[in-house]
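Both of the next two complexes hold subunit A, though its partner changes from subunit B to subunit C.
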Partner chain A sequence: MIRRLSPWSVARALLLGVAALTVTLPLLWVALASFKSPAQLNDPGLVIFNPNLANWARVLEAGILESAGRSAMVAAVTVAISVVAGSMGAYAISAYKAGGSATRFGILAAQVLPPAVLVFPFLTMAYALRLDTTYVPVIFAHLSFVLPVITWFLIGFFDAVPRSLEEQARVDGFSRFAAFRLVVLPQVLPGIGAAAIFGFTLSWNDMFYGLILAPTQETILPVAIAAFNTFRGVELGAMSAAIIIAVVPVVIASFFIQRRLVQGISGGAVKF
Partner chain B sequence: MTFRWAMLAPVLTITGVAVGFPLGYALYLSLTDYRLTSRGAPDFVGLENYVFVLTDPRMWNAFSNTAVYVIVAVALQTVLGLAIALALQKQQWARDLTRAMLLAPMFITPIAVGLTFRFLLNDQLGAIPAALRTIGISYDFFGPGNAMITLALIDVWQWTPFMVLLLLAGLESIPRQPLEAARVDGASAWYTFRRVVLPLLTPVLTVAVLLRSLDALKVFEYVYATTRGGPGTETETIQYFTYQTGIQFFRLGEASAVAFVLLAIVMTLIAILFRRLQRSSAR
Partner chain C sequence: MAEVRFNKIRKEYGSTVIVDDIDIVFPDGSLTVLVGPSGCGKSTSLRMLAGLEEISGGEITIDGRVVNGLEPKDRDVAMVFQNYALYPHLTVLENIAFPLRATKTGKQDALRRAQEVADSLGLGALTSRKPKDLSGGQQQRVAIGRAIIREPAVFLFDEPLSNLDAKLRVETRFELMQIQRRLGITAVYVTHDQEEAMTMSDRMVVMKDGRVAQSGQPEEIYARPNSVFVATFVGSPKMNIIAGAIAGGEFRSSMGSRVALGAHVGQESVILGVRPDDLLLTPNPAGLARVALVELLGPRAIVHLDAGGDRLTSVVDADRLSDLSTGIAVDLAVRPGAAHFFDPDTEDRIELS
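Then we have the complex of A and B:
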């Protein structure tokens, strides 16, 4: 039996097809460019050519992997702190309505702050405390936007946990904190995982704070990528390779967390 | 009830150190003549910086550029995001793969996205202008009059997925009964969408538009990667202008004042919106 194709389903397939091409083609093009020689790069239409690895050797030599490592370290520390503090705070807000709507408003408001406001105090403090050669200022700067987002996400997950669970645990003789840690927290573990990965990508992707606050000799990844564009003239091939290095891990991560993110958000993160 | 405050304490402490303190310090900076280059204590100058930036046409230029950027980008994202979310919700074949693929751009570092399009849209080396030339169209994406729109389109490429993510979540949490009732009553797809789906989706849509607008206001990387504010000052956004004033010209006092003017405007808009939302959810 042939299924009848309604005009709606054709339009739907067409829309998704065009969207998929719009997403993938630019990235494929950059991937292709990373294997081209400078002469081949002058011909934008060139698809079939002799690939060479000179660009990749060039970015590896420039220390792109070390930069990626530093970015991962900054992101991991930021996320670890955010998850611990954020899950406790989110639970207090969700279950006990701590601080009322003022807290929720405050969390959202922190998202509003232009990084340009916060970055100068961080910079002057970093010098004053002699922390300007460490990653502490960058981590604190990243906490300023990762922590609110993670907390906000987790409020939604905690909202979906029935209150009776905690009450039952209390009856069974758990302290409030033990009830939270041993009974409620495991319920939202998948959500915490998704929020943590999301927070990781936020920190991993930030360039503004890294550009101004990270030690200039030991840059983090986004700044290192930008450097292929600015200080040494435009090295298109090497820049393309660097872009691919930054893109691949997060695209893989996004594959694993997209379903949880949809779940978590429909669980209530987008309600006030 | 001390337990809830004890649980809230870590968040409040970290937020205090990472947000509250810098915010207060920035407020102080905005009232001084602090320059990164000068040693010694800065002088207190009162509202002088504010008067200066509020009468500076370059700041208003940056504000209006940013407004154009935010409105164009977020409007397009909302329409496209809603269409794609509706299509994805019905999609059965290769469901997870399609979703992951279409959501991917929002996870990429913005500087990489900016540089990718700087390369692809480049007048001489770019694949897209080259493709357009073969069908007889010559369009300079970063030329005068076009550059700001191009930046907004880059934003659309990267952040429509965020809209899709939120709206898809919103669609999936819509209760089944009203949809089935509409189907049983023989309502057309369009009618069901207009009268059943859209009203139920409004709260999520509002939050999505709000979050996207707030984030788009902070646009920096695309400008840094592509135009650096040019041609002229056509694509100078607030964040880029603040960066230039503070970091390149070392005038931290003025830069902080610009940031606070922005903050005041944004907070007013949010407070109004928040009131509205609370009133409509109370009903």
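Then we have the complex of A and C:
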């Protein structure tokens, strides 16, 4: 039996196809470029060629894995703090209407500020506290956007937990906090997992704060990638290899959390 | 085991009064039902007793101890919520054992006791299941098991049966009463269902608009309701209420119908209340009331009457239905001594001889 195609489904497939190509073609091109010699890079249309690993050797030698490690460390600490504080904040907003109805969305208000507004106060504080050779300023800067986003993301998940669960646990002999930890939190673990991965990629991808606030010699990943744009010109091959290293973990992570991601962003409107 | 007292308990949200200075005594070991229409303050009262709502005024004592400022965990109460509030991530056994985690009970000991409770409730074979894999009735039992395991001073039930179907509700009602009697723990039970209140309670507290309309033993409230509200709220089908006057041993409705009363003093203006079981029908072609509809309930039947604008109901034995088909004219009378009278202005009960 042949499925009849409505004009809508054809239009939808076309739109999705265009969107998918827009996203994947540059990535594919970058992946190919990471295996090209400098001469081959002069021909952007070249698809079939003899691949070589010189660019990969070059970026490993330049310490790209160390940078990736630093980025991962910054992101992990940022996410750990954000998940602990954000889950409690999100429950307070969801269950107790903390701060009134405006908090629910107002919590994202700081996102409209350009990062440049915050970065110099952070830098000044970092110097004043003699923390400029550590990652603490980067972590704090990343908290300024990861924490609100994670909190906002989790509110919808907590909305789906009946208030009576907490009340039952309190009557069953537990404090408010124990009720939250033992009974409410386990209900939103999938959401917390998705929020953590989402927050991790936000931190992982940030270049601006890392560039200004991280110690000069110990760069984090996005800054290390940008460093292949040298005064002798862009080292396209090496930069491509570094970009692939940065992008692959994000792509894999998004694949695992895609459903929860939609749920979190739509404020829990999607039923699970 | 404990007596619970409400002394002038009040609850306000802003300028809205939800519970208005109520005094209730819940005797030790009794099952007291708070009953009333939605919005009457019964659930709020229960939640104040549990410690889940702040008390705006007055004192609640449990076993002589004022609990106003205490957290729910320090009040030694157990509660069954309408939606059961089972912990979805725990098994049946873990759910029942959960309150023991708050005490210093060892894990093995807690699980062993939970197993005993589960067995006593007929849940023995289901202990490793998660709540979502249970039927409504089984979930309800788990909630009861979790409430009884700690043997609290007071049980609180917030409409625990309203999510069950009618048949299961009657069975569970009976079981709940047996468990409460066996343990002898003071219980406070909230429901909007007057039948549940009548059948279960040792003492019944009828509430309306944040106040106690009447409290006492259910049979006493049924026999002598102190207002039109209580009279119509308690009992099914509802009590007939007719406004009119008494003259010459007869009640004359302002709508035109007549009800024979037997010997009564005359009264200018009064409200008559007659339970459907006490409204007697005699077929008479000259009668002023007409049978509008008959509902057969097995051995008994509800006869709906159109009495000159008053809509009345009577409950009769089914074998009398041959006389009482739709459209038949009847005379009305009240079973001797079964008439209730209320003041037309205050709607309070008055006694007429």
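Quick notes on this one:
In this section, the second predicted complex is superposed on the first by the 255 of 272 C-alpha atoms of A that agree within 3 Å, B and C clash if a C-alpha of one lies under 4 Å from a C-alpha of the other, contacts with A are read in each partner's own complex, and residues count from 1 in each chain.
FYI, a contact is a pair of C-beta atoms (placed from the backbone, for glycine too) under 8 Å apart; a residue touches a chain by one contact, two chains touch by 3 or more.
Treat the numbers as computed from the prediction; the structure is a model and nothing was measured.
With subunit A as the common reference for superposition, the partners subunit B and subunit C occupy compatible, non-clashing space. Within the superposed three-chain model, A:131 lies out of touch with both subunit B and subunit C [touch as defined at top]. By the touch criterion defined above, A:167 lies against subunit C but remains apart from subunit B after alignment on the C-alpha atoms of chain A. When both complexes are overlaid on chain A, the residue A:183 reaches subunit C alone and has no touch with subunit B. Applying the stated contact rule after C-alpha superposition, one finds that A:253 touches subunit B and leaves subunit C untouched.
Residue contacts after overlaying the shared chain place A:111 against subunit B, while subunit C stays out of touching range. Between subunit B and subunit C, B touches the greater number of residues of subunit A.
Of all C-alpha pairs spanning subunit B and subunit C in the superposed arrangement, the closest lie 9 Å apart. Shared contact residues on subunit A (touching subunit B in one structure, subunit C in the other): 176. Within the complex formed with subunit B, the subunit A residues making contact are 8-9, 12, 15-16, 19-20, 22-24, 26-27, 29-30, 33, 41-42, 44-45, 81, 84-86, 88-89, 91-93, 95-96, 98-99, 101, 103, 105-106, 108-122, 124-125, 140-141, 143-144, 147-148, 151, 176-177, 180, 201, 204-208, 212, 221-222, 225-226, 228-229, 236, 239-240, 242-243, 246-247, 250-251, 253-255, 258-259, 261-267, 270-272. Within the complex formed with subunit A, the subunit C residues making contact are 50-52, 71-73, 77-79, 81, 83, 85, 87-89, 98-99, 101-103, 146, 150, 156. Contacts from subunit B toward subunit A in the complex involve residues 1, 3-5, 7-8, 10-15, 17-19, 21-23, 25-26, 29, 83-84, 86-88, 90-91, 96-112, 115-120, 124-127, 130-131, 157, 165-166, 168-170, 172-173, 189, 203-204, 207-208, 211, 214-215, 217-218, 220-221, 224-225, 238-239, 242-243, 246-247, 252, 255-256, 258-260, 262-263, 266-267, 270, 274, 277-278, 281. In the complex of the two chains, the subunit A residues touching subunit C come out as 162, 164-165, 167-176, 178, 182-183, 186-187.
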